[in-house]
Structures are given as structure tokens and as C-alpha cells.
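As written, the chains take the letters A, B, C and D, and residue 1 is the first residue of each chain.
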Amino acid sequence: MDLWFTEYYTKNARFSIKIDKHIISLESEFQRIDVFDSYGFGRILALDGYLMLTEKDEFIYHEMMTHIPMAVNPNIHDVLVVGAGDGGVIRELTKYNYINKIDMVEIDKLVVDVCRKYLAQTACKLDDLRVHIYYEDGLKFVRSKYNEYDLIIVDSTDPFGPGEDLFTKEFYGNCYKALKTEGILINQHESPYYPNDALAMQKAHKKIKSVFPKALVYQAHIPTYPSGHWLFGFASKGLDPIGDLNTGWKTLGIKTRYYNTDLHKGCFALPNYVKELLKNA
Amino acid sequence: MDLWFTEYYTKNARFSIKIDKHIISLESEFQRIDVFDSYGFGRILALDGYLMLTEKDEFIYHEMMTHIPMAVNPNIHDVLVVGAGDGGVIRELTKYNYINKIDMVEIDKLVVDVCRKYLAQTACKLDDLRVHIYYEDGLKFVRSKYNEYDLIIVDSTDPFGPGEDLFTKEFYGNCYKALKTEGILINQHESPYYPNDALAMQKAHKKIKSVFPKALVYQAHIPTYPSGHWLFGFASKGLDPIGDLNTGWKTLGIKTRYYNTDLHKGCFALPNYVKELLKNA
Amino acid sequence: MDLWFTEYYTKNARFSIKIDKHIISLESEFQRIDVFDSYGFGRILALDGYLMLTEKDEFIYHEMMTHIPMAVNPNIHDVLVVGAGDGGVIRELTKYNYINKIDMVEIDKLVVDVCRKYLAQTACKLDDLRVHIYYEDGLKFVRSKYNEYDLIIVDSTDPFGPGEDLFTKEFYGNCYKALKTEGILINQHESPYYPNDALAMQKAHKKIKSVFPKALVYQAHIPTYPSGHWLFGFASKGLDPIGDLNTGWKTLGIKTRYYNTDLHKGCFALPNYVKELLKNA
Amino acid sequence: MDLWFTEYYTKNARFSIKIDKHIISLESEFQRIDVFDSYGFGRILALDGYLMLTEKDEFIYHEMMTHIPMAVNPNIHDVLVVGAGDGGVIRELTKYNYINKIDMVEIDKLVVDVCRKYLAQTACKLDDLRVHIYYEDGLKFVRSKYNEYDLIIVDSTDPFGPGEDLFTKEFYGNCYKALKTEGILINQHESPYYPNDALAMQKAHKKIKSVFPKALVYQAHIPTYPSGHWLFGFASKGLDPIGDLNTGWKTLGIKTRYYNTDLHKGCFALPNYVKELLKNA
């Protein structure tokens, strides 16, 4: 059977994955949620028709969001995760037994329910005792937090629809307040290649830079995201992702398939054209 | 009008670009050659239906093939380029005024003719006086060369069809002989993500490693190549791409849009899963 | 979301329908069964990836299979339907209150179960008391029947896979024996336009002609079948579809959306190129 | 190579043809003109991205526009063809040696030039001495004509863009005046299946009916037009397409691949749902 899921990167470029079965399709209060069985990419989650993850390469995104900050500050005990209903970031975080608390704020409970049921690969650690899930608006949740977290990971959708608030200056400001002195903010930072993504990347960077004294961008190869060139933001009150890299991270024995500490240093080295875009943000 | 050029990455994944016009389509002795005007990616060159380059992102591939070795050894004067009929590597090489000679061996004259006429963006320096074009089989050409080149760049198509010979152990052995003591071999090295590409990458790496004392792999983000995660091989008789990086490269004033010396160091830091594949090659 | 079901008419022509949801996907002993919710065509049934019906235009196929023979012989009381698990032909037959018995032989019970649950539009009359469903091989079922039916309707899939037997000379011969003197055999007869379909049409016609004294072909516009030009076979022991058309059919008050008695006469008038193909079968 | 031309029938249904080469692409004063070499359909002409004809099935359209009226009135000597720049209708008309004059009004000279050069299959008779080509607006041309033609064939594009005027009541009124007493107007009449086409069909029929005492619609199977179910209008000052069918047509010895006089009678027998749409126009 010839059934394809297609994502338009622009109106002139599209990527398509062959589908075996459409496992479930639901309309939540916030968005449409679809899970597919694909050929070659395992299960796939799409929100409002945008591909969120494939089982084949979600490890790249989730490892790069999690281990980069964890390897910079070895004293991260209290973590807030915003979005991330699929559980992938949580799964990576739970590999650190010295983390005490993981608050997860996901606006859409149905995403979590669907992932628990159909995406065990990512959702497998949502029941870890350290995890507290709040089905709330991320922006509102963070507003009331002061000096509470060592790490905030913003695993949002794109800056339109339900994820829009998580790209505002107000939100970044609230994250700053919610972080302790050695706090780190990580966010998915769109992509530099296609014009619309590049614009979103520039806007996000400009806002974060205006709030955090340190605001860098790092990259990873995520083949099923637009252009395969995806960016993340690393912002902190002072910690430097490379200068402060904890060389002891390797001794923790954490298994990763993408991340390693050499790549940690390498991934902050951006192409000139990306640096240019960020400078002109 | 709705006209799309599609490349199947596997039989279950495909990437499509919207086409405005099909500029030319020719059948040479070796392959079918097509040039398109696309929307959003400028002109596109396809050989035997495989996308070779788009004007939008060819700079990434060509810069990464050229400036990595040039920044390691500041005494590169004699260069051999195998394949590369589009001229992109030549364009980058001609930025170095201390290069004396660039031999280019391209089996298919028609590719060069088509690129001269329709792809000036890459072919613009093919008439540089240092460039000598040989329309011959690359494998045979290199066989008769001893201790002649400081750098060989193998800008081949994939390891089937006309490019097949350029992925053989015999060819790599001949390259070794053709290189001087400080010689470097660069080759396009396929991709680690999709199974078939990963296999080709492993095979190439295994062969190069058996010939060259130093054989590393580096990566770049090339959005219009399968998975966007593309690899290159750096092999040498001794020079190390990072240990021997010439910090003076920046003073040459060479303009690049992707390459820079930080990224030079970063691009050799590979993801664990890629390292694993190479180790098991 | 961009999800499309595509059917390749040949390897160079394809028709695609945008899908909202994949309602169910099952693998029976005989074939893969899929039901989709489409945009613009209502529910869709596919067997082994081939589109069997859409709610938007199944009335055309089912009316043309049923009312053509019913309007020729007003004394049809005993009917055999082979295949037709979706129930569309049954629905049309049950509009005739003077039909006494409808035997339906469908090899794949799962098709019937799925249609009962998800395709009420066609399956709505499967519980009519006159309907007797046999989950058996059509070829075997007919073998043991003599002089039993006034009408046999062969609503098969294409002549490969589970439907293959229903395109054999043996099967047509058995149908002949199973029919009474005034009996009529109707079968879906593929299409004259695309080469493979045309070949199947020719083969079927040749075989039927060798068994039945009267073997004609008629056509209908079915937009979601390959080429939109679909054919049906009308074979009998003597009755002529036009000469014997019962002008009283209109007085039965049967509601149809495609069929009428003018079109009845018109649909046997085939294009020259189709007549040529049939003559050369 | 994987290059496909796609036509969207609605936003939820599309038909695609595999392309070998894009022969030419030009922008005239009126529209974009593209010719392709396809696989399986021969050459293809597209105007503004809409498929106008394929060499594989253009005979159906052109025969049905031409021989239907020619077989009704054996005294057609003066013909006006509006649109039809590809020459297909002209080719069919020139098969009648008793036609004296064929005026052809095509607004876009470039279409004719392109077809002469790249579509000899249809354009082959444009130089017949009886043919007079006027590169003018069809609506204006007809305005000044009184009692001059026995037959007007309107071979227009769809009722938007350059073809828009040829679907107005004013145009039909002018055609009426331009026709002699036994005159016939034939026009391409869109399709009943997809909602937008059906609406266009209804609008055209309503207007023609308000101008001509006799206004019927007939159908043909044209696989590469939306739905494959295409309609034509037959309007006259009194001649009836079936009642006045000239049984002597066969003796003319005109070779056709689709048309024949049985099909002539059959093609006016429309499905109930089409009749309904026309009645409610």
C-alpha cells in the first residue's frame, strides 16, 4: 500500500515517510495528535500534522537537550521540563540518579496519555518517582517560580500554536527568575536553513540574549527535522558550556548513542552563515 | 504548476523539491545529466536522477572538501581533483593563490560542458590557468602518478555507476602512491543514517583505513543530501587534521560561508553511533 | 496534516486521495484490509493496497453491476453474488422485493466483518433475510451448482491475488452450468485504457466469449478507478441486454443515482478502440 | 529519475504523470505554456499548469468535439473554432473534404507556435488551405459575425483565466447570431464529478439553455481529465443530435478511434446524478 506522511519544509520542499498504519488520531483541546507506524522510522508522533519525533532518531534530539547541560553543571538536582509530553527528555534525565526532582509542565494531557500508550520508547520513565507532571500552561507555571531550578529544558513545538508562548521574552525572563545562580536554560531553537525556520531562530536568540548574560547556540544532525540541521539554545547566568564542561561526566557511565564530550565541544562550533544569522538577529 | 523532483533516500523516505523548469536533459556516454530551475534552491544538477548539488547549499559541500585539508597543510601546491565536474571544488581551490597546479580528472566531459553553460556558480573557475582538465577515468589516471600531489580530493558520485571505481581499495592505494609525504586524501564519504548509505560509508572507511596510516571522518550539515548528515574522509600519511591545524589559516583572508577553524575542530567530533559504525566497518 | 493514499495505475501514473484518518488496518488470511476516512471521498476501502470503493462513487459501480441485468430479465428470483464483501451489490439487489434468494460467496470473512462495522453505506443490507453468506472459495462454490440461479454477479478484485480464480475459463464454465436458461452473468471487467488493465480485460473477454453464446461489454464512468473508464461483462445464454430490455423497469420505482434505462442502452456503445481491443482479445 | 507532473483535481485529489523531459516552458502574454515528454502518455501540453492534452488520449476529446456535430448535419461547410490552439479539432475537421472554410480564433499565438513545433500530432493540419487563423479574442471575433457559420466549436480552457469570456452569456448569444439556421454550437462543458467542475458545468449549461432552443450535454471517457468523466455541450437552433443523426456518416469513411454512430447515440444518455445537476443548474 502506498500511504505517505509528508511534511512541507517550505512550500517548495517536502519530506515524506511511508506509513504502514495510522495508529491513532485524536483532537485534543489544543491540537491534533497522530501516531503512525512507519516503514523504516518506527513509530512517529505528529502534532497538528508536524512531525515531532520518530523512534529512529528521537535519541539525537533528546540526548542533545539533556546531556549538554548535565555535563556542564554536575550539581543539577532540580529540573524543570516544559513541554516534552513524549517523555524523551525525562527518560534521559532519569539516567542521573543524583537528580532529585523533575517537574514537567505539559499543557496537553492527551499528548502524555497517547505517548504512554503508544510511544513507550520515550514515555518509559514518566512514572519515575522523581517526576511530577503538571498539566498546565508553561508560561503561567514558570511565572510563580523563583530560584528553584538548576536546569530548565524547553522542549516546545514550533513558535506558533500551543508552543507560541514559550518563545516570548516574558517566558525567558520568567525562566531566568526561576533558575538558581548556576542555572541553565536549554531550548529547542529551530533551524538555520529554510527561511521561516531561520527567522524563528533569530527571533528566539534575540530574546534570550536580551535576558541571559550567556546565550549560545549549538547544533545537531536530526535527519527527520527540516533540513536535518537543528539548533538548541544554551543560556545561563554564567556557566560556559565549553569552559565549564565537567570532564568527569564520562565517569558517570551514562550510555548515549549520539552525545559524547568531544561532540559536546564540537557542536558549539557553528557554520559562518549560522553565526551571521545569529549576529544579525 | 505542480512539478516535483524527488529523491528516494530509501524506498520509505523521499525528499522532493518543487521545479520551475527543466533546463536541460542529456544522456552522456556515462550517465543522464539533468539541470533544473527549482523554487527555493536555485539551479539543481542531477546525475542519473540523483541530486548532485543545489545552488542554495553547494557551498557547504565544496567548502568542507577543500578548506579542511588546506588549513591543515599550508604547503599544498599540487592538487588532484577526481570527479567534481561541476567545478565547485575547483572554485574553492582557486581561492589559494599559492596553489600552483590543479589537475582535474573527470570521466564525463558532458558534465563539465553542461555545468559551464548552466551552473556558472560552481563552474566559474574552470578556466583558471592553473587548472588542467583530463577527461579520463580517475582510477586509470591515478595509477601512473607517484609522489606528485600534496592533496587529492575525490568528489565522486555514489559507489555505483560511474563513481564505483573511486571506492575501491585499488584506487585508494594508487592515491597513496600519488601523494607526497605530507599528502592528504579527501573523499566524499556518504552518510551514516540510512542503512544503504551507512553500509557504503563503512565499506569506504574500511578500505581507506587499510591503506592510509591516518584515516578519519568528519561531518557537515548538507540539507539536500540524504539525511542532511554528510561525511567526508580525511586520510593522510601522517598529518593530523586537528593536531596539525594551521592556526594561520585565518590570516589568508579566504571568505567562506560554512567553514571556519572552530568548526574545523568540531566537525571531527562524531556522534557515538557513527563512531560505532566506523569502528565496526 | 498531509497524508495521502496513492494508487499507481501504472508505474508512470498515479492517483492520490488525501486521508484524514486510517480507521483500521488488518491482515486476513487472504489479504490486507484497510479502511480510511478521506477528505472529499468519504470512507475508503482498500484491499492489498488497491482502492476498492469510496463512499463518494461506489453507487456507480454497484448500480451498474445490478440494475443492468435486473432490467433485462424481470423474472430474476435467485441470485448468486461472488465476492462483493462490501455489500454494495447486495444493497442494490435488495431493492427488488421479488428476488427470493441471494447467495453471497465471499472468500474472506474479515472483509465482511470490517465492512459491517465501518462501511454501513454498502453493508447495510447484509442482514436482509434473503441473503445467505457463504465464506468460501467462489470457484469451488459454483462448481457444485446446476441450473440454480437467474443471475450471477461476479464482483471480484483484480485478476491476481485472491480474485485470480474468478477470471478463469473453468470458473466461467461453472457459472454457465449454475445458471438457468434465462441466466445472466455479470462481472467486473477491468478497463481498456492502461496497458495492464486492457490486457486483463481482453483475457477475461476471450474466456467468457468461449463459454457464453452472448458476451457483451458495457462501460461506466467511475472516477476513482484507474482511468475512470470501467467495464463490465454481460454474458447470457441468449438474452440480449438491449433487445430484451424490459421497458417496465421504470415502473418498479427503484431509486438510482447513476443508472437509468436510456443509459442502459447507451452504455453498451463502446469506443472504437475498445471494440478493437475486444475483437482482438 | 523521479519527476512528476501533478494536477490537483480538488485540494484533496490529485493525478500525477511521470515526466521524462520538460521540453519547453514559456510565458506568453496570456499564460504559461509547458510541454513535457512523459512516460506512458507521450507529449503533454499544460497551460498555466493545467493539463490540456496528452498524446495518448487527445483523440477522444477532439473526436467527440468534432464528429458529433458533423454527423448530425451533413451540410456543414463553414466552421468556426474558438480556442483550440493545439490544432486537434482542426485535424479532425480537415477529414471532411466538403468543409470549405475553417476559421480558427485563438487568443494566444504562442500556444499555436509551440504546438506547431512540439505537438505535430495535433497541429499537423493547421496549414490546410481551408484554415484561417485569427490571433484574437474569441468573444470580440464572434461579436461581428452574423449568420455565417454552420458550426462553432468552442475548445476553451477552464472558465477562469484566458478562457473566462468563453463561458459568458454574451458569448453564447453572439454564437447564436453567428450561426446559420441549422447551426450547431459545441463547447467543452467541464465535468460533473468534482464540486468545482460540477458548478462550472451547471453555470455553462444554464447560460447556453437561456440562449439556444436546444441545449443538450453529452459525455466521454477522457482518462487524463479530472474524474475521467468529461462533458460537452451540444446546442442548436433546432437540430437534434440523435433525431437528426445522419445515418450516412459511416459512408464517409472517416477513421476514428473513439467515435462511432452507436456511441453517438449512447453518449447523450447521462447518469441520473448528472441529469439532476443539469436540471438544477
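We adopt the following convention: a residue touches a chain if its C-beta (ideal position, glycine included) is under 8 Å from a C-beta of that chain, and two chains touch if they have at least 3 such contacts.
What you see is a predicted model; the values in this text were computed from it and never measured.
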Have a look at where subunit C meets subunit D and say same if over half of the interface residue numbers show up on both copies, different if under half do. same
Need the most distant chain from subunit D, centre defined as the mean of C-alpha atoms. A
Averaging over Cα atoms per chain, report the distance between subunit B and subunit C in Å. 57
Where subunit C and subunit D are represented by their mean Cα positions, the distance between them in whole Å: 33
Approximately how many whole Å separate the CA-defined centres of subunit A and subunit C? 53
Touching at least two other chains at once: which residues of subunit D meet that condition? 4, 14
Can the chain contact pattern be summarised as a line, a ring, a star, a complete graph, or none of these (other)? ring
Between which chains does touch occur? A-B, A-C, B-D, C-D
Complex interface listing, subunit A residues touching subunit C: 1-8, 14, 19-22, 25, 32, 34, 46, 48-49
Contact residues on subunit A for subunit B in the complex? 4, 10-18, 38-41, 57, 60, 193, 219, 221, 223, 227-229, 256-260, 262-273, 275
